[in-house]
Amino acid sequence: MTISTLEFIAIALLLVGMGFSAIRLFLGPTTPDRVVAADTLSVITTAGLAGMAAYFNNPIYLDIALVYGTLAFVGTVAIARAIEGNQK
Amino acid sequence: MDILDINTILYSAAFGLMLIGIGGIVISNHLMRIIFGIVLLEAGANLLLLLSTYHEGASAPIIVDGNVPAMMADPVPQALVLTAIVIGVGILALALSLAIRVQRAYGTLDMREVRLKLEQEISAAAGIDMPSSSEKPADIGEVPVNSVVQQESGS
Amino acid sequence: MDHPQTTRTVSGAHYAFVFSISLLLWVLLSGSLAWEEVALGAFVSLMITLLFGPRFTIYNGIKFSFMAPLYVLLYLVHFFRELIKANFELAMRVLTPSLPIRPEMVEIKTTLESPLGRMLLANSITLTPGTLSVDVTGDTILVHWVYCPPGTDAKMATDAIAASFERHIKRFLV
Amino acid sequence: MRRFTAALFLLGLGVMIAAIYQHIDFGNTSVNAGQAINAVAAQETGAANFVTSVVLAYRGIDTLLELTILFTAAMIGGMVLGRRRADAPRDPDAGFILRTGADLLFPLLLVVGLYIILHGHLTPGGGFQGGVILASAFFLPLLARPGITLIDQRIVSLVEGLAGATFILIGLLAMFDGKEFLTPLLDKGELGALISAGSLPILYLAVGIKVGSELAGLLAHLAEAEALD
Amino acid sequence: MEVVVLVVVIVMLLSAVAVLLFKDFLAALAAMSVVSLGLSFLFVVARAPDVAMTEAAIGAGLSSLLFALALRRLGLWRSQ
Amino acid sequence: MNIIGDIFLVIGALFIAVGGLGLLRMPDVYNRIHAGTKAVTLGSLSVLLGIALLHPTWWPKLLVIAGFLLFTNPVAASIIARAAKISGIKPWRTEEQGGE
């Protein structure tokens, strides 16, 4: 499987976005900052997993992107609900 | 050993995760961090087990649309890791329940304090003097439990 | 706190709606129209609808009509245009070195009544230019606005943020 | 002092692993049980996903034991956490957006979970993954409105027991047929079709429902435990 | 391809260290979900779609749920 | 067809990179959620569209993934914003507004 120049640029840009989000995850002053960064990273990974399916030319990998996309939402909601407990 | 060899990268990830997990278990004193360390160690071990039969260029062990690939990945370690991950959830749930129980019983999750209180309870139940702890009270920092000092001064 | 599952009843049409949504999702997932797939999907959807039907009052409030699909399509077109506009605006703000933002929390009122409609409106607001819906209580939506012009009140904010979406959503939802 | 020794231990471990590194022949393993399975699994079990073949047909008893471990963990977790005091305060409701979103997502997640379970012999996925999705689907409304009873706990236990009994019953049927415990039954069918692989999809359905109800019960127990402050 | 895997591994290992270093346990939990994200990607690279899906379901969804509930019950959601 | 798909991939990746940059540059949580949600949602939708153009037979499952993303992303953003507001984080304001 070869990669064309445009696809190479796309992969590089995805990695750049991933790196920025990861930096925000490490730096973020408050916990919600880090949760937002983790959520963004999970969405980027969902797109990236679909891209891996295209790279391997095999549609079975799309199921993983689907499961990841739905369950990362559940995890984010759980963390956000735990943050909300701070209201007293 | 080429740094951009894919085998090197994957094995480094597995060993790195295991090392970080062991480090978390050994160094930290907080029960929650120890549980995090256990999860990381387990993840690294799973990755290492899966990589033991990894071969670059193999395809997934699933037949799609009837065409059989030339070389397929080994399904046995995949099934083992599948089992291991699911059992890991059971371990995690049990560990978290026990952590909640420890918090209720002792009011803290710091393992040094928990250990100290446990020793006190045991010695009180046996009706003997507090045995000399393996860790000196000075090491505990700002949380010396009062009864230790009382026992020392009283005896 | 409103609990829609106790205050509203479910009519047969909504059971049918939930069933068809589930079946559509199944067929899209399996990606084939072989009779085994469709039969299994129909069975699974039927079980879900029958077992958990009373929980689906959330799907109430849809106006069934022949024109509804067209209105949904119009809404989607409008929504995607706004989404793309939002992204270019955001990219402009982020890439400008001076970071021209003036954030403010504003409250806007909505006239939509069904939970589904309010939900859709809140989601649309989140994805459109410079606005993020933080919370919904009753008919008030709390919105975080990246660039709030000086001296806006609730009426102006509602007009600027929600009016066009409300007009589109009102055609197929209560 | 303890930290220092721990760091020293880690350093030694790292050096040891680095030494092992030099001697591993990366990517060329001599394990070939998997290749043998890959060669015969399609004819022997009729499942397109060989991992499913290994999990349910070649290592079926291991899967049964794994379910037992998960059941024991869930049961002990429930026992350790204990019952909830009647007057303990509950968490407040989530906002409107999460409540509506959870209700809206609930049937869709159920459909996705059942799809993953029932296509376990054709595509990646199966009982464990689908069961986790089912458990999350049931838990999401509970996260939005703490304290509601979405489904009776006794029904959950009953469904879980029935699923486990189904798994063992299919295994026993093979024994009545004169074969070994948990041998796949029924017609193999055409490779890659939905109705194929004999009894494996039914086994996976049992596994999925059992895992889903166990995890949902465990999560409900954990959510019921009162907060400490 | 190798570069992609290298970047993912670096992000994963850094967040694994961050899990143990963060003072706030919910932030550590967010970093933990990033670890399981990288792990899931690596399982895809190792051509194990079943395992990747299990890791995605359990690492991203279920263990986050378990940890978040337990941290809420333990009263550890706020930074010390 | 391949070229168009590749172009959509690049556009999507570009939006994702811009979203990451916004996540890094914005001053407080709420503004970061703006960047992290809008740009990344459209970016991943565009990537999925590009993949659908590259492999035309995959569109049903890609449509389902896109639908879930389009639904769950704004909900997650709203919930995090609400949690941040409840936990007491004040919105950042520019100096010219002078605060309250």
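We call the chains A, B, C, D, E and F, going by the order they appear; numbering starts again at 1 in every chain.
Basically, a contact is a pair of C-beta atoms (placed from the backbone, for glycine too) under 8 Å apart; a residue touches a chain by one contact, two chains touch by 3 or more.
What you are looking at is a predicted structure, and each value in this text was computed from that prediction instead of being measured.
Both chain A and chain E are touched by B, D.
Counted by C-beta pairs in contact, the busier of B-E and D-E is B-E. Spacing of chain D relative to chain F, judged by their CA centroids, is 31 angstrom. Once the centre of each chain is set as its mean CA position, chain B and chain F turn out to be 35 Å apart. Per-chain Cα centroids separate chain A from chain C by 23 Å.
In chain B, 5, 23, 27, 54, 59-62, 64, 73, 78-79, 82, 86, 89, 93, 96, 100, 103 are the positions where the chain touches two or more neighbouring chains simultaneously. Residues of chain F found to touch two or more other chains are 18-19, 21, 33, 41, 58, 61, 64, 68, 71-73, 75, 77-79, 82. Counting partners per residue, chain E has 1, 3, 45, 49-50, 52-54, 57-58, 61-62, 65-66, 69-74 as the residues that reach two or more other chains.
You'll find the chains touch as A-B, A-D, A-E, A-F, B-D, B-E, C-D, C-F, D-E, D-F. Against chain E, in their complex, chain B makes its touches with residues 4-6, 9-10, 12-13, 16-17, 20-21, 23-24, 27-28, 32-33, 36-37, 39-40, 43, 46-47, 50-51, 54, 58-62, 73, 78-79, 81-82, 85-86, 88-89, 92-93, 96, 99-100, 103, 109.
By the touch rule above, chain A contacts chain B in their complex via residues 56, 58-61. Residue ranges of chain E in contact with chain B, taken from their complex: 1-3, 5-6, 9, 12-13, 16-17, 19-20, 25, 28, 32, 35-36, 38-39, 42-43, 45-51, 54-55, 58-59, 62-63, 66-67, 70-71, 73-74, 76. Only residues 2-3, 6-7, 9-10, 12-14, 16-21, 23-24, 29, 32-33, 36, 40-41, 43-44, 47-48, 50-51, 54-55, 57-58, 61-62, 64-65, 68-69, 72-73, 75-77, 79-80, 82-84, 86-89 of chain F touch chain A when the two sit together in their complex.
Against chain A, the residues of chain E that register as touching in their complex are 1, 3-4, 7-8, 11, 14-15, 18, 22, 24, 26-27, 29-31, 33-34, 37, 40-41, 44-45, 49, 52-53, 56-57, 60-62, 64-65, 68-69, 71-72, 77-79.
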